[in-house]
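Just so it is clear, A, B, C, D, E and F label the chains in written order, and each chain counts residues from 1 on its own.
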């Protein structure tokens, strides 16, 4: 069950309105690695958590924080859209080339559809999709997804930070950068804990390894001409899982015949047999 | 530039046809973490690789392998659909309840649209989406995405392995399990290499930390009542990034005021001011 | 800023597991009018609310409740999937035709992707989309959207209630039915309040009516042969907006010429002019 | 069965070409509440209409009108794209900053994909989706959806009207504004008729109310700190449905325990139990 | 401008209800090559037609017919869903294994969302998408798209015809098969007409051929080991465009160097240069 | 099984960076008819090919070439984004109106998400979708799809060629134009071969024609007022399939009654019967 306070956890006020930044911030709201994604991802992971109270509690703590992040960004976008040039645009464009560029570059849906507000979509206008999130019921798998999500997320925040000049927006991005740092620290810790507890770096750790084709489980296949890839730590020596030995296969060859499929039955009206 | 050999790298023949398994394998072809996803993800990462030949070569090696995985699964699906019950179904259903269930459970598009072939879609029929993949231009971020992708992928293969009885399909899944094991070993190694080379576990490592709000960069916010989350390695002691000290905040409070937005301009026809 | 309590607002326990019901409930979680939709819709409406504290507070109250609804349904789905037939399915199907049907009818992603958990998707597996929600910055418009959402939502809950036998699930649906009743009462009230305050039933009420083509603003065009539509309250008498008089146009005719478009410029390589 | 006349119902000619307006009008063609949506929504409602000839006839009348609206907008977009700057753009941009802005702001698919024509997509390029429409088989529910659609639609038309200067486009928007006014009048009337005929404002009116959890069917839960929401007409007095009494719950508390899920079966390879 | 008659062009009545066929027919309503696709495709092609009245008139004739096809299929689906097993399903499943299979196989959204009606979606539930259609402004290109659409469409109808037993549904499919035959005849004719009028089989015929790299414009690259492809009419002799000579390249080699990308600027925080 | 060489088949270097062209080229990478589409389309057609080695080999040859086309375009996009204006944009915009326009027009995801790299998406940012491709198991149907794809593709390349000034990009487009010319020649040849081999222009050729409603299989229905369509080669004389005679129906009338649907069962809670 959830509760809400009207106050924002951190301030979300731009120095001045700027519709282009409002367009960029959509990536952090409704992009593949935006705050809607991490909020929903952690919520579903928490709600699906079978056993392990410590992890479930932690997931719900962080998920709840992330809903608040969407809130701060949504508020910031609305404020960046104050005084946007939404009237008699042709005249405005003729008068001032910088305003012309702003009108050309604005996200038209923030005006037409949302009345100068945020959208549940990314910076190119793609609506947020449930297809972005991960909640597999295996915490080690999912915490790796979370570590990735916070890495991509912080990277995007850092890029927007460099692209803009507004001090107020930068202050909010500083908050997000710090929280994404912490969350990278968090998920990396939790991954380490679980790898140690499960005694394996492989997900899932519980699947009996003799059911995989073990003789190819440490091979690197050199399928792109050139052998620079031989220099990596993945190509020689003891494998990171502590079990096998890496093996670089310079010239990988097929082990099976070329497949021939049976003709389709008449009822499927495939290509008829040629004479 | 790419080349193709007709032979499959490994065999892809079921013991006998089975349309339900053909439906499940779609998840491994066109699902969020199916082989189309990893193939495209590694290709785009390779093509966007700025500098660092060793990693680019490695990405192209593995990407090229993954296209071959799609090929094996596509072939397997076509064979699992041989002799599917696609004629006069009502009569067939009345005669045999197991066939009735198979007809009911079949993916109708594998018959109607593909003529008993695979689809670029997942097990619920959602078409594969470019929105699934990650290629950020930052290899540490992306290798974490790859480690996650191979973890989710191997988990899904393991689950299907348990759900089915067919020895031929299980043999192909054994291959995929082994390769996903190796690829987890690979990306975990490559992540470690890069974290050491960059001297930081934080992505991006190049963003100046004094531009984040450092005083909150090690806080855990207890936002879900109950303090089980305090027991994690993320809640006390030296942070994994080697710089800060974790800090558990039991009762997080807002630091900013409740936001009041300005009214929208007349031209946006928002709610008019109430008396 | 948000807070969470582990307890559910209402109980979410089925009498016994049932994967088909778990598939149906996805519609209420991630469907067009599921709880993710209303939660997100009310959150974005609240965050975009410019002025009018009373409405903003109310929106945030209801939005926060809806996140808790997703939570109850997600929990219910996970429990309905306990003991689902996910092992050696071919053997299981041969043994028992009812189990065969359950296996055939199950949502495979709830097993393969989520490990017996809920998905952010509808009952046919379409991922939830930001394209479902409405937050226009005009509260009268949006409260009508909300009234519709709660109407469609309650209708779907009522249908699932009739389709199933499980007492525990029905108890949760009783809760949702009651809350959807209340929310219909709520939005209908709020719509009435705003229509009275704005002095018009037309959205937006602030657009000057003399800028519309008023001479056609009360016409009903009979474009489908047959005049049953003449019998409606929309076809004669004083219009509901209190301004015009309805007018039934039996034989509507075009007022403009057939359009002829200019040829495309050479650079667009459209169809070349025919001789 | 449908018939077509080449003439447009109303004129669709801009004063002069303008690619930015052509981009905006896409929202009215293929947006969530564009004319494709209402056309398809009313068609499917009409085709699914079980009984009630008067409503079916009316739905088919209005649906048929809406296809003609798509036609007028599509024609207008094609004309707005005449003479668009689609040749040697770099040179053109260097010469004139307003043209530079127009090139930057144009929808590239209207040129590259459609050869200066309209697209079945919204102003950010998202293709129109069947996921937008509503046809539930319950007319009261659906007429509320229609009232909402015409409200959002008219709001968007009004906004674009304010944003632009072109008299010809404004004339077409005046037509759409008038028709959207009428359609709001129409659906509001039809809703009223049905509420009176069914004797209830609740959808569905036919579901026995004693099967909902009636003791919570009139409660407002104050879940966002602050009690402004207490002032609404939804918070006290007789409910609009004429049956209950509104009740403001200042401090809502959970009624159920925190859920504990059973561990997943071994075959699902969830997180293994920790020691 | 459009008009509607209530009568169907052809009859659409099943012998008896059958929810599985109702699921299949969705492919013909809202699939990639269903009737919504051809209706919308021909409408947009007609509305974008610049010049050439004969083709525009023809496009509008056929488009208008296709809206009527959606109507017949929608009506058929509604009738196939009469008496569907939507009550107390668990009990019903236990009693009769064929009913159990039908319940398991039914499209749940046709009941829960549409109240036993058709959906604007395909047989796997994917909503129809504007991304399916083609209207390029070049009629030769588009008529090829139309020929393809009618070919895929008729193929799918033929497959469903074979899969089912119901005489009434088969009668409607006979109508669709005949119309798809005619439309293949139509588009093939129109393609031939335009190829002759434009004097080229290449789209676009108006682009100066000396601006392509003509020395590779007749090469077949043998990039999949094995030379069966050499036997095709595309591999030797005069090219179909009447200009070049086909040339089979047995061992294609790269003509350009391996690309090295410049490092990203600091502001993008790509992978930092390694030592 | 696939192999890769680092070299590009043809050069992919722009004269100078240009973010607007980088945005346009996305259409050729991830658009409906971009290179990802043809690569995936031919791969799935090849993998599903049941019998007919010559065609399968040819499909795999061309599919493999197309993956290389994606590679060249991806590389070109990365280079076009070198030196893009991604720092302190507000200052940069104020200084130079052409740079202002470029910033406004840039695809923000190429910077924020991809770090100045290509995206698996089109020029409006829609992610590539498996819903674009066709692989029906009937080669004649599919080769028509391929002929359409190469026609739309070459048309789009030609348009971008006209829109830009950069010699390096134009050189790559010249390669694509030539290959699309060849591929149109190829698919047109292959279509002709199959039509002759199958002895019919109708897809599928194997469906018995007496099962279609043959009396309407050569009718043109004049459903859009005006008879320009009568002038086409589709309206009179021997049909192209060599079997029937075209027949122009000037005034098509319905052959079936207006449908009346049965009321929905109580459990579906449709509109209750009116008095």
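As a convention for this text, contacts are C-beta pairs under 8 Å (C-beta built on N, C-alpha and C of every residue); 3 or more make two chains touch, one makes a residue touch a chain.
Owing to the predicted nature of the structure, the values given are computational and were not obtained by experimental measurement.
Looking at C-alpha means, what's the farthest chain from chain E?
Most remote chain from chain E, centroid-wise, comes out as A.
Measuring centre to centre, with centres taken as mean CA positions, what chain is farthest from chain D?
Most distant chain from chain D: B.
Quick one: chain B and chain C, Cα centre-to-centre, how many Å?
Taking the mean C-alpha position of each chain, the two centres sit 29 Å apart.
Mind checking the centre-to-centre distance between chain E and chain F? Centres are C-alpha means, answer in whole Å.
11
Counting only residues that touch at least 2 other chains, which ones in chain A make the list?
Within chain A, residues 1-9, 32, 48, 50, 55, 57, 60-61, 63-65, 75, 78, 86-87, 97, 100-101, 104-105, 111, 113, 115-116, 121, 124-127, 129, 131-132, 136-138, 140, 155, 158-159, 162-163, 204, 207, 223-224, 226, 252, 254, 261-262, 264, 267-270 contact more than one other chain.
Is the way these chains touch best called a line, a ring, a star, complete, or other?
Topology of touching chains reads as complete, every chain touching all others.
Quick check: in the complex, which residue numbers of chain A touch chain E?
155, 158-159, 162-163, 226, 267-269
Which part of chain D faces chain A closely enough to touch in the complex?
For this pair, the touching residues of chain D are 18, 20, 23-24, 27, 31-32, 97-98, 100-102, 104-105, 122-126, 155-156, 159-160, 162-166, 223-226, 252, 254, 261-264, 266, 268-275.
Could you pull out which chain A residues touch chain B in their complex?
5-12, 32, 53-58, 60-65, 75, 78-79, 82-83, 86-87, 111, 115-116, 126, 129, 131-132, 134, 136, 138, 140-141, 144-145, 147-148, 151-152, 154-155, 158, 161, 170-171, 174-175, 177-179, 181-182, 184-186, 188-190, 192-193, 201-204, 207, 209, 211-224, 226-229, 231-234, 239-241, 244, 246, 252, 254-259, 261-262, 264-265, 267-270
Which of the residues in chain D come into contact with chain F in the complex?
The touching residues are 1-6, 48-52, 55, 86-91, 93-94, 97, 100-101, 103-105, 107-109, 111-113, 115, 121, 124-127, 137-140, 194, 197-198, 204-207.
In their complex, what parts of chain A are in touch with chain C?
Against chain C, chain A makes touches at 1-9, 30, 36, 40, 43-44, 47-48, 50, 57, 60-61, 63-65, 67-68, 70-71, 74-75, 78, 113-121, 127-133, 135-138.
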